[in-house]
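Chain nomenclature is as follows: A, B, C and D, assigned in order of appearance, with residue numbering initiated at 1 for each chain independently.
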Amino acid sequence: MTKNTATLLVTCPDQKGIVAGIADFLYRNGANILHADQHQDAENNLFLMRVEWDLNGSAIQPDNFAERFDEIATRFDMTWQLKLSQKRPRLAIMVSQYDHCLADLLHRHQSGELACDIPVIISNHRDTERLANFYGIPFHHIEVKKDQKAEAEAAQFALFDSLDIDLIVLARYMQILSPEFVKRYPERIINIHHSFLPAFIGARPYHRAFERGVKLIGATSHYVTEVLDEGPIIEQDIDRISHRDQVEDLIQKGRDLERIVLSRAVRWHIENRILLYANKTVIFD
Amino acid sequence: MTKNTATLLVTCPDQKGIVAGIADFLYRNGANILHADQHQDAENNLFLMRVEWDLNGSAIQPDNFAERFDEIATRFDMTWQLKLSQKRPRLAIMVSQYDHCLADLLHRHQSGELACDIPVIISNHRDTERLANFYGIPFHHIEVKKDQKAEAEAAQFALFDSLDIDLIVLARYMQILSPEFVKRYPERIINIHHSFLPAFIGARPYHRAFERGVKLIGATSHYVTEVLDEGPIIEQDIDRISHRDQVEDLIQKGRDLERIVLSRAVRWHIENRILLYANKTVIFD
Amino acid sequence: MTKNTATLLVTCPDQKGIVAGIADFLYRNGANILHADQHQDAENNLFLMRVEWDLNGSAIQPDNFAERFDEIATRFDMTWQLKLSQKRPRLAIMVSQYDHCLADLLHRHQSGELACDIPVIISNHRDTERLANFYGIPFHHIEVKKDQKAEAEAAQFALFDSLDIDLIVLARYMQILSPEFVKRYPERIINIHHSFLPAFIGARPYHRAFERGVKLIGATSHYVTEVLDEGPIIEQDIDRISHRDQVEDLIQKGRDLERIVLSRAVRWHIENRILLYANKTVIFD
Amino acid sequence: MTKNTATLLVTCPDQKGIVAGIADFLYRNGANILHADQHQDAENNLFLMRVEWDLNGSAIQPDNFAERFDEIATRFDMTWQLKLSQKRPRLAIMVSQYDHCLADLLHRHQSGELACDIPVIISNHRDTERLANFYGIPFHHIEVKKDQKAEAEAAQFALFDSLDIDLIVLARYMQILSPEFVKRYPERIINIHHSFLPAFIGARPYHRAFERGVKLIGATSHYVTEVLDEGPIIEQDIDRISHRDQVEDLIQKGRDLERIVLSRAVRWHIENRILLYANKTVIFD
């Protein structure tokens, strides 16, 4: 029952004939299209598309796609990626002490909501080790000592390399990554921030939301870029609060937001639904 | 600045090559695609598509479209409609005494949110006549006397015919239409029901919601079919209530839902975003 | 840091002087009120109140409350309950094979969100035994064979009795309880139904929601009464769906609703925030 | 059917006996309490209360309240206000060219949702004059010329004075008020800002939301203080957007948010449900 599909993600300058070109290519190669969605950004003259087809019975296969598609890609000046459902993305989850996002991701993974492998959980604490064990995920404790972040990150990089990690999920990992870390994994690190960005960038957003007297709290999942909390937003959601809610209530309500907003982002990334441009995300249906 | 586009809505059995066929047709005819969205229903083996292109500079024009498209339509056994942005749909709004949905629609129409003409407002009361006048819309009072619904509807049909009405919007029109009325305007009557259907079908839904002690109230816009409140749902939304809310509060909160849920349905219909099948709606982006 | 408070829940016919009577009683006895909330139902001439005070430094204590409060209770014809924060309610969770609500409740319990004890998890399957063990909760497998429901329920009752159970939570327990079961635990069984009741009462609500083409799905937590899915509603919430969502998507999205809607109901019950009348709930702030 | 009630709003240092004192006072004076709600802020040691009673049949009347209540007010060091349902607050609405919030407020006023008088609409443009006339509200055009804001505000103050204005509603009034204006009407000016503050303070929030690529847009109603967009927040709400939404779509969706968020704030203010402290609002039920 595991599906066997290919997903093509395309970005190129907008012009006439792109859809015809791609659709005709797939048709000539006997591909049965399962989903297709596209977006045109008139202001930036950009065309973006996601198309998924059944590899069973299709003449285009992973090993001949690049060669066959080259003519079209060149004609339209495309940037493209081909993703295969049977090559499951490999996630590393990084976490500190709060375990609610981690527990949520692991439960979803176990239920089959997240079609990925999770070869490692890395934490600067040992609090979540038992949870990782319960779900059968290898746990690595990498302490982050003051002034020794570089050493810690080197150990993390070694793990990512040896495990062939595709995506790093910061599931309430309370450390700021170095610029080197961020540069090393462009568009491959997803973070959950506990505010509706761009409100309350930085530390202690629930405390500042409480101070400001807002009536809504939020959470934001985004790709990590070099500027803190300024990366492309993938998903946001909010919950209503009132004057009765103290900081602790905000934190408790926020946990539900964080779980849901992070898990959606991870799922969409895994399902190859996200394209990035102009520091924004396109989320394909 | 009024746009000059054509929108093609297609339904056909799903098979390979449909997108390629349509896209290639548009490309060969020099059409600049502005939006395209499609949906496949695997269970029903159906393919549905909406594609909109700029008529300026395109070789396919309203008067030659059918002829040119015929070969593709036949090949794929398509049901299709072509809609032109410059042929604005003509709405009749029917209303009784509650004027909140009417006032909302008229204000949106005036602001340019609804790209339609409204040649007539019909009511079985005179309460909304002044409002209609303010917005410059002709108002017709057609009384619906007991046992004389057929006469009233005959007068309504005459108006619809003479005014070339495309869509009938029941903006809290508190009369049940006869089966003849409904049959005469298939997929062309939109109603707002003040509950989240299928809960509270029929009369006095707010009172029954209050009785049942629900924590959410809702509103549903749908196409009218012969079975009361069973037509294809276009849009729904809800608001939260509490034990403090009395029936009057439900009614008041509900007005905001009704306004928004009805106006979205009308706008999507006008923008040719809706396709119907299996008593359901597909709402294209 | 565990609080030591008493919560008084009062229902009585509405009349002048009730608040003055209660407030004066608490003041004379040196009670420091932490929270107070009240509700008046004019239609039913009912007064309902929840008041919580600090037992530390208060002259009224659990053992003398009834005697001292008797005069006021009698004067106003009150029905009242006194709940103590240090006597944590004891929950039995019943579950079948779907474990998402159970995993959610156990994680919240562990995080301190739910101030209760959970001395037992009962299931008619063994699927959740490992999860129960992980969280250190005793697991009892009680098979429910066809035509032997009475025997199974007798075993359940024995467990509830021996464990002094206060509240039974049906966390997707896919069995219908017998009338005897329901009668035995009035206002003490909370169920999660996977629709926005009263829509889709009964079996397979997601399938029927999909069939009907609704644009919102919901979940409802309620007290179980003898009529299926007709008990007092505690909480409801919804999520938006589109024509792209298949039944499996509804089920997946619904899991998040079920988790949140059930956990809120359980928390409010545990925090003694709920009063019942006229088959409705009052949820005190 | 117009009600005849008094509403007492109280703020004082928290201590034992306050509720007993107020409740006993009302009881001794034969007042029938219709609604009571209170809030305690432990951190700031503050007690806040709203209590509404029926003046019919009560011994405490507007003209003897201050004298009779003085002993209690003094004992507990209270700040208090007494509001009478039959003295309807008098609103001035200020608006520029966008008329959606104005049209919404006027329609709600006419439907009886807003229990206030609106003796004047002031605008720096003439666009909304016809709408004001339709609803029978006097319209004053006060131009705000560059470098002549003081003159314009003087004319506005004269109107407010002569009309005995209680509350000034900025219904998308695109001018920044002078510090003198703000100081003159403390806690008596309500503004609608078209973002979920504190995100996108200042000009062009929809454009900046679009630039940032947020997935939610919002609106915030707040009291105006001397620092732009930093006043106490009364209400906020959001709507979901996607990559398909252009700035114009954000503006259109935002209009619905602005209408609802502003009208709620105005209604709560009129119903004397709002108390202010620490630059925050308490919204009583």
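Definition applied: a contact is a pair of C-beta atoms (placed from the backbone, for glycine too) under 8 Å apart; a residue touches a chain by one contact, two chains touch by 3 or more.
Everything numeric in this text was worked out from a predicted model, so none of it was measured.
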Enumerate, in label order, the chains that touch chain B and chain C alike.
-> A, D
Most remote chain relative to chain C, going by C-alpha centroids?
-> B
Please state whether C-D or A-D has more C-beta contact pairs across its interface.
-> A-D
From the C-alpha centre of chain C to that of chain D, how far is it in Å?
-> 37
So, in whole Å, the Cα centroid of chain A is separated from that of chain D by 42
Junction residues of chain B - those touching two or more other chains = 242, 244, 285
What topology does the chain touch graph have (line, ring, star, complete, other)?
-> complete
Seen from chain C, its contact residues with chain D in the complex are 16-17, 19-20, 23-24, 26-27, 30-38, 40, 285
Chain C residues touching chain B in their complex are 39, 43, 196-200, 212-216, 218, 232-238, 242-244, 246, 278-283
Chain D-facing residues of chain B, complex | 100, 103, 107, 111, 113, 130, 134, 242, 244, 252, 255-256, 260, 285
